[in-house]
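The structure under discussion is supplied below as structure tokens; questions concerning it will follow.
The letters A, B, C and D name the chains in turn, as written, and every chain counts its residues from 1.
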Amino acid sequence: MDKLKVNDMKEIFKLISSRMDENRDYLVELDSKAGDGDLGISMSAGFRAVLKSEAMTMESFKRFFMNAGMAINEASPSSLGTIMFMGLLGGAKKIADYEELGSFELGQFFEGWTEAIMTKTGSKAGEKTILDAVLPATESLLSSSNLKDGIRLAYEAAKNGMLSTIEMKAVHGRAAYYQEKSIGLQDGGATVGMLIFQAFNEYING
Amino acid sequence: MDKLKVNDMKEIFKLISSRMDENRDYLVELDSKAGDGDLGISMSAGFRAVLKSEAMTMESFKRFFMNAGMAINEASPSSLGTIMFMGLLGGAKKIADYEELGSFELGQFFEGWTEAIMTKTGSKAGEKTILDAVLPATESLLSSSNLKDGIRLAYEAAKNGMLSTIEMKAVHGRAAYYQEKSIGLQDGGATVGMLIFQAFNEYING
Amino acid sequence: MKKIINEPESFSRETVEGILLAHSDRLKALEGDLQIIARNDEVKPQKVSVVTGGGSGHLPVFLGYVGNGMLDGCAVGNVFASPSANKMFNMIKGCDYGNGVLCLYGNYGGDNMNFSMACDMAEMEDITVRQIRVKDDVASAPANEKDKRRAVAGLVYAWKIAGAAADMMYSLDEVCQVTEKALNNLRSMGVALTPCIVPEAGKPTFSIGEDEMEVGMGIHGEPGIEVRNKMSASETVKVLLDKITDDMPLEKGDEIAVMVNGLGGTPLEELYICFKEAHAYLEAIGVKIYSKYIGEYATSMEMAGMSLSVLKLDDELKDLVDYKASTPFFTNINK
Amino acid sequence: MKKIINEPESFSRETVEGILLAHSDRLKALEGDLQIIARNDEVKPQKVSVVTGGGSGHLPVFLGYVGNGMLDGCAVGNVFASPSANKMFNMIKGCDYGNGVLCLYGNYGGDNMNFSMACDMAEMEDITVRQIRVKDDVASAPANEKDKRRAVAGLVYAWKIAGAAADMMYSLDEVCQVTEKALNNLRSMGVALTPCIVPEAGKPTFSIGEDEMEVGMGIHGEPGIEVRNKMSASETVKVLLDKITDDMPLEKGDEIAVMVNGLGGTPLEELYICFKEAHAYLEAIGVKIYSKYIGEYATSMEMAGMSLSVLKLDDELKDLVDYKASTPFFTNINK
């Protein structure tokens, strides 16, 4: 598989939804340690909502991602549910008129995704968030020459990025209240980021 | 000792106060089983208040008992604290112009005491209250020819009356809510009645 | 004991001190006695006086209802304990405007006895006094022993009606009459989920199992009708309204005032869920909710639980319920 | 879990249903959506609109302050969870009277993000919107990171001021200006004694030791400044007011509004004891209490605890605090 069409993306979102369901309790546990413990519930509900939403009938990337973002946010208006909305909207704008996505184009989508979140919430790399998984993965996509390699490397990068959050100090969200105590804990949002690329990799390489 | 003067009564109230202090926890325990558990606290505080009140400077029985009743009620406006006030007022009226009390006159005092309570609260013998200790004791006083015998018999009667409450079903106060469940428990108020005659007996028979 | 207090012994006194510091424009302590609270605002001349008294620990009951269109005075006892006869007598004397005083209080042993002594004392000073005891709790005695029933949150309706009647210049007889009528049409019942702690005791004097509910428990923890497994809001409301309407049948077309009262530790959210259930129950039998109070009107400190009160209305009672009342703790102006 | 509820998942919805059944004369659900609440009474034409949004479980916060002289609308989320951007957008749209909408809400991650998305959506439809975030909790971040502070009960003063200004026909700019001024003069801090239970979780998500107190804990159980051994009312008030006045110095002659707020499970008696202590503290430094609110104004369901809020007043703010407000849950008419 060289390029992703909208229908591929719908299949990938089904896989993401399964990942979130499978890791529901794990994400709850991560979020409980320095948060309110709803992350698994909200991500599982959020992606399930996409599968039941109008997004699944849309024929352009732009409309698919916009509707998916709205559905996630409606079902799960928690921080990460809203960040997903921001990201999907930002990514959708970047690739609005593309009909298919290779590694570079998917990289552009996640570039729009991360930029929107950073602009809107003032967060950046190294602050123990989902960005720490998604930013390095985006780099891998942008610098790879084909989708299979790009996704494989992106998944690796997301995994490492997720692990790198363990040593970081939280700056955003509820975890920030825990200050130094947040060091040593893996960020739940970054774990969600990793799971998303795991789903991409499974579809494309797997 | 044949007759009691006001000063004797003041001494007896000191003994009653000690009895209430000594039996504070016991009375609390009795009242806890079918009540709110304050009986020991209120009786101890009530009689202590008499010792600190104007009653102790009064020179007639009438004024001594009236002021003692008011002091008990002010310090302990619980059911029994108020019943004591009623009783002492009722008794005081009966023996208003007596200068000294023999067995019969003391019996008259307690007659006034019990009558006032029965009229005001609608209670009578056999209803698991302080009356079940004081009514038979009053009988003993009225039918004895001297104070020593009268008090000894009154104390015996009060003790038996107190024990007789074990088999009774409560009709008044909080204990009444316990209905059948109150059977088998000794009434706290009747125990207070017994302790009062115990103090009289100690003072007179030694 | 999870309380934010100072010395347990001074709990009642400090509460009243705080209240007087906060509301000195509306309330005063008669002759500086913190156990005797009276209105500090302007009272209509010639008005009948309506007073009460009772233990602390039930705010806004009792003294929270002293104010315009409600009570004229209140004698304040210690936690869950009656004030003394002498305090009540001084309160009655201080609140007598010369047109008679109605002592309107809950049917509890200590309060009954002290008020009856206090009224004797007042009569000896030629004050015209009447006593009416509120006995709204259907769980506290069967119908054939109605006179033994205790008071719970229905007190608030008793004061609302009597207070409004007095402010509408009803005579003492008329105030008593309409109050008796209201009491005949008033029923309450509650459930408790947790005990409460008397500060001086320092620990609960009774306990309720983790999965249990005390149906009909009194506001001092007096035993109720039965201990049941925890019920849903809908079941709970049904149990309470079944019992209330058993005792006082409601017919299609009847109009009522209903109170969903929190006992202290129950979130307002839950009270509204219960109101929703009560609304559905009453709608199904064709009874109309003319007026409602939802909130904490009569509490037992931190006790979790809820009580329902129902007052069946006629035109006169409607006017009296609607009549504006305003105390620092209660108003129906925004209801 | 000692709650009187039905299905935990329907807790927020049923709460709103109950509220709408009780107060349909004052409140309505826009287009039947129970997450979008607006005033149902008459609104002054040309008025600026002041709206908010936030999670359930804090009654009277948030929707309890929708009404005359306070808020025009509120988006309602699940327990302790933000409503979605789309709900907020629909709420803003429904409450826009054509003269601008101020979104005045608490500084919480989810709410911030959703309101900022919602405002983007509103601007795309040519609605003039402004956002102001309330950050009154001094315990939630040090002075050099003021912008990270969360909101607690100070929200109520923010709405009181902005709502009064809007009702006094201030323009959108003027409403924002005076609200910012009030927020600069507003500080809060609280203590928690017990946790609370999110219905869907079924058990507390954090715990507080039997002899401990969480100083500065957030209303969702966010950690505070420190865990301390239980303190007396007098010590507790001192800790809170020391910290508040450290952050916002008060001088002799200053006049303030003060709120003693119960978090849900704390008896009113204790709040008045705390008020007494606050009164003594403030009197000692020559600060005058111009206005006070004592009661449950912002809760966390059954959490036991108390927060203090202080709003330093000038003449304009005094007028706005005094301005009459009336919602089904709040009025200052009898205060």
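Structural remarks
We adopt the following convention: contacts are C-beta pairs under 8 Å (C-beta built on N, C-alpha and C of every residue); 3 or more make two chains touch, one makes a residue touch a chain.
Predicted model only: the values in this text are computed from it and were never measured.
Shared contact partners of chain A and chain C are D.
Counting steps between touching chains, the shortest path from chain A to chain B takes 3.
Most remote from chain D, judged by the distance between CA-atom centroids, is B. Centre-to-centre separation of chain B and chain C, using mean CA positions: 33 Å.
Remark: chain B and chain D have CA centroids separated by 57 Å (rounded to whole angstrom). Averaging C-alpha coordinates per chain places the centre of chain C 30 Å away from that of chain D. Interchain contacts link the chains end to end along an open line, per the touch definition above.
Under the contact rule defined at the top, the touching pairs of chains are A-D, B-C, C-D. Residues 2-6, 11, 14-15, 17-19, 21-22, 56-57, 59-60, 67, 191, 193-194, 210, 230-234, 236, 264-277, 279, 292, 294, 296, 299, 301-302, 304-306, 326-328, 330-331, 333-335 of chain D are the ones that touch chain C when the two sit in their complex. Remark: chain A residues 32, 36-38, 70, 73-74, 77-79, 81-83, 85-86, 120-121, 172-174, 176-178 touch chain D in the complex. Across the interface of their complex, chain A is touched by residues 77, 80-87, 109-110, 112-114, 116-117, 140, 148, 201, 205, 218, 220-223 of chain D.
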